[in-house]
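After this come two complexes, each holding subunit A, first together with subunit B and then together with subunit C.
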Partner chain A sequence: MFSKSEKISVELLSLTYGTFVARLLKENDNAEEVNLQLHKIGSNIGNRLIDEFLSKSRKTACKDFREIADVIAKYGFKMYLGVTAEVAKWNEDDTQFSIYIENNPLSEFVMLPIHLQQTLWYSNLLCGVIKGALEKINVMVECEFKQDTLRGHDSTEIIVKLVEIVEDRYEDDEM
Partner chain B sequence: MYAKSISKPKPEINLSCFSFLFSEIFQYLSKNDKEKDIEQSLIDFANPIGERVLELAMYREKTKGKRYTNIVDVLHFIRGPVWKLLFGKMAEDLQQSSEDEDVYFIKDLCPITNKYTCTRDSINCAAFIAGIIEGVLCSIDFPAKVVPHFAEDDDEFTDSTLFQIKFTKGALEYEARYSGDS
Partner chain C sequence: MLIFTRKGDCIFHLDLTEKLDFSDTQKITGRRKLVFGLLLSLKSYVKMLSAEEFKCYSTSCYKLHFYELLTGIKFVLISTPKIAGDLTHLLKNIYIYQYIPFLSKNIAYELGTPIKCKHFRDNIEEELRQYSN
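Entry: the complex of A and B
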């Protein structure tokens, strides 16, 4: 399905991203600020990426939040990062889940210096992308990292929490 | 674990993924690097990438530790293995300037940085690639200034870019020193 689109090497992406994060770290006072910026930049990307995703993947409307989660993990990650992700840890009322990513291409070649291991979420851009993309289809979520192998954790986990699904409202024209 | 994973080329990924990131970087630089023109910002930004690309390309080519001692070899290395690692293909062409001995040109018909960018304002985003080349050359001890030019003679490929590579005096001296030895 995605083989038609043009390809680039993963290395170019990960090195470019790494250089960008390094630059942000240099120009901001602290890692928390960088986390926020990455989130915001990711969200800009998500806003635009969703259009391309919908047209290329030919996905139609998802019926519920569970299906949305599946599409993100199985198609979204596959299409843009070439890896699949696992959805797990649903809460009871199906409003929160975790995405587990194996072999995150962004963090290829990366080792965090000790002083950043407690503060920087290196791939925070991804959270922004998810939030930004869903926002455009009226699904408001909060999205954040829970674990990252770069920090020495066992796995890389992103938590996605549903805030609300905004219904399209059509007002009657005035008579 | 790492040694194993870098020796093989990784599967490739969707170009648009890079393009989205690139456009954000472009915007960031144009906002935060006001004192420079944007092409120079892109070049400076991409310099450190070149350093890492060099390491990786040498590793892949099994030439790790090899020392390049002449300019033409270095340029072939960039046109071939480096280009392949980055873009999955060789660069179209490599030429020496007919006017200046220390100036060379590498040609790419459709640089990926220009794929989804508008080139109307005569800003050439391939400056990013120029920066990578500069970084590679600098790390390999052949410092040079690399400038992207649109190749205007090409009607079919409007993004076609010539990377003008002008070697510094230091690079020429370095070559001269080693060519005497062999």
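Entry: the complex of A and C
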């Protein structure tokens, strides 16, 4: 299923993403602003990407949040980044988990300057994508980076927190 | 053929019979609302009866085919009752080969707004004509 899809080289991806982030840094005053921008852009990407993902992966509706997590890590990351991610650290009522990415292709060849190391979440786009994609299938989540190897942490970790699963509602209107 | 969003807005309406008068907006919106309402009721009704998904139904004068996505987009096709089986596979193909490349991946198209893409319309028309012959 993954072999059929189009591929681009990791180098191209990481370099393009790098210039993209650099550009955003130039246009915005501070790194927090860039984090927000990346999140927003990612969310727009996610909104669209989910259609393609569902049709290509031939996935049907997931039973619960655990299955959703698995699909994101095993299929989502594999399909769009070529790596698989690990799901871990579930909280007690199954509404929060962490995704560990071992070799994040976006941050390949990247070194953050010292003044950005504590503020910029370089791959924040990914959080946006996850949020945006899930939003389209009525699953509202909050998604943020906890750790990033670029900041000197041991691993790259994204936290995904379930807000609610929305039921379809329809409103009457006058004819 | 009609496409609805999750909220029930009709974003695409194509009529091959050429009997509909699109200038009469009130009648057209009324008609769209009726179809959408019908789908919702039918869907919940079918859900009560069986675990199978609702795909199509037919009457003596028309047949309605229905394909819904997890993202809430609904494809509806109304055809003559002569067509055998359901055409959900056709709607699915339209989704994969027309909707995704021309709309989902098209930054000029804002998701959930009426579809004006000419290419999309033409392709669908062509595809549907093949079936009506």
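Convention: the second predicted complex is superposed on the first by the 168 of 175 C-alpha atoms of A that agree within 3 Å, B and C clash if a C-alpha of one lies under 4 Å from a C-alpha of the other, contacts with A are read in each partner's own complex, and residues count from 1 in each chain.
Please note the rule applied: a contact is a pair of C-beta atoms (placed from the backbone, for glycine too) under 8 Å apart; a residue touches a chain by one contact, two chains touch by 3 or more.
In this text, all values refer to a predicted model and were calculated from it rather than measured experimentally.
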{"item": "Partner chain(s) touched by A:168 [first = subunit B, second = subunit C, both, neither]", "value": "second"}
{"item": "Subunit B versus subunit C as contact partner of A:48, first or second or both or neither", "value": "both"}
{"item": "Superposition-derived comparison: subunit B or subunit C, residues of subunit A touched", "value": "B"}
{"item": "First, second, both or neither for A:136, with subunit B first and subunit C second", "value": "second"}
{"item": "Subunit B versus subunit C as contact partner of A:67, first or second or both or neither", "value": "neither"}
{"item": "Which superposed partner A:81 touches (first subunit B, second subunit C, both, neither)", "value": "first"}
{"item": "Which superposed partner A:105 touches (first subunit B, second subunit C, both, neither)", "value": "first"}
{"item": "Which of subunit B and subunit C A:10 touches, first, second, both or neither", "value": "first"}
{"item": "Which superposed partner A:20 touches (first subunit B, second subunit C, both, neither)", "value": "first"}
{"item": "Intersection of the subunit A residues that touch subunit B with those that touch subunit C", "value": "48, 52"}
{"item": "Residues of subunit A defined as touching subunit B within the complex", "value": "2, 5-13, 15-17, 19-20, 22-23, 27, 41, 44-45, 48-49, 52, 79-82, 105, 108-109, 125"}
{"item": "In the complex, subunit C residues that touch subunit A", "value": "6-8, 30, 33, 40, 69-73, 95-96, 99-100, 104-105, 111"}
{"item": "Parts of subunit B lying in touch with subunit A, wherever the complex brings them together", "value": "6, 9-18, 20-22, 24-25, 28, 32, 45-46, 48-49, 52-53, 56, 85-88, 112, 115"}
{"item": "Residues on subunit A engaged by subunit C in the complex (per definition of touch)", "value": "47-48, 50-52, 54-55, 60-61, 136-138, 168, 170, 175"}
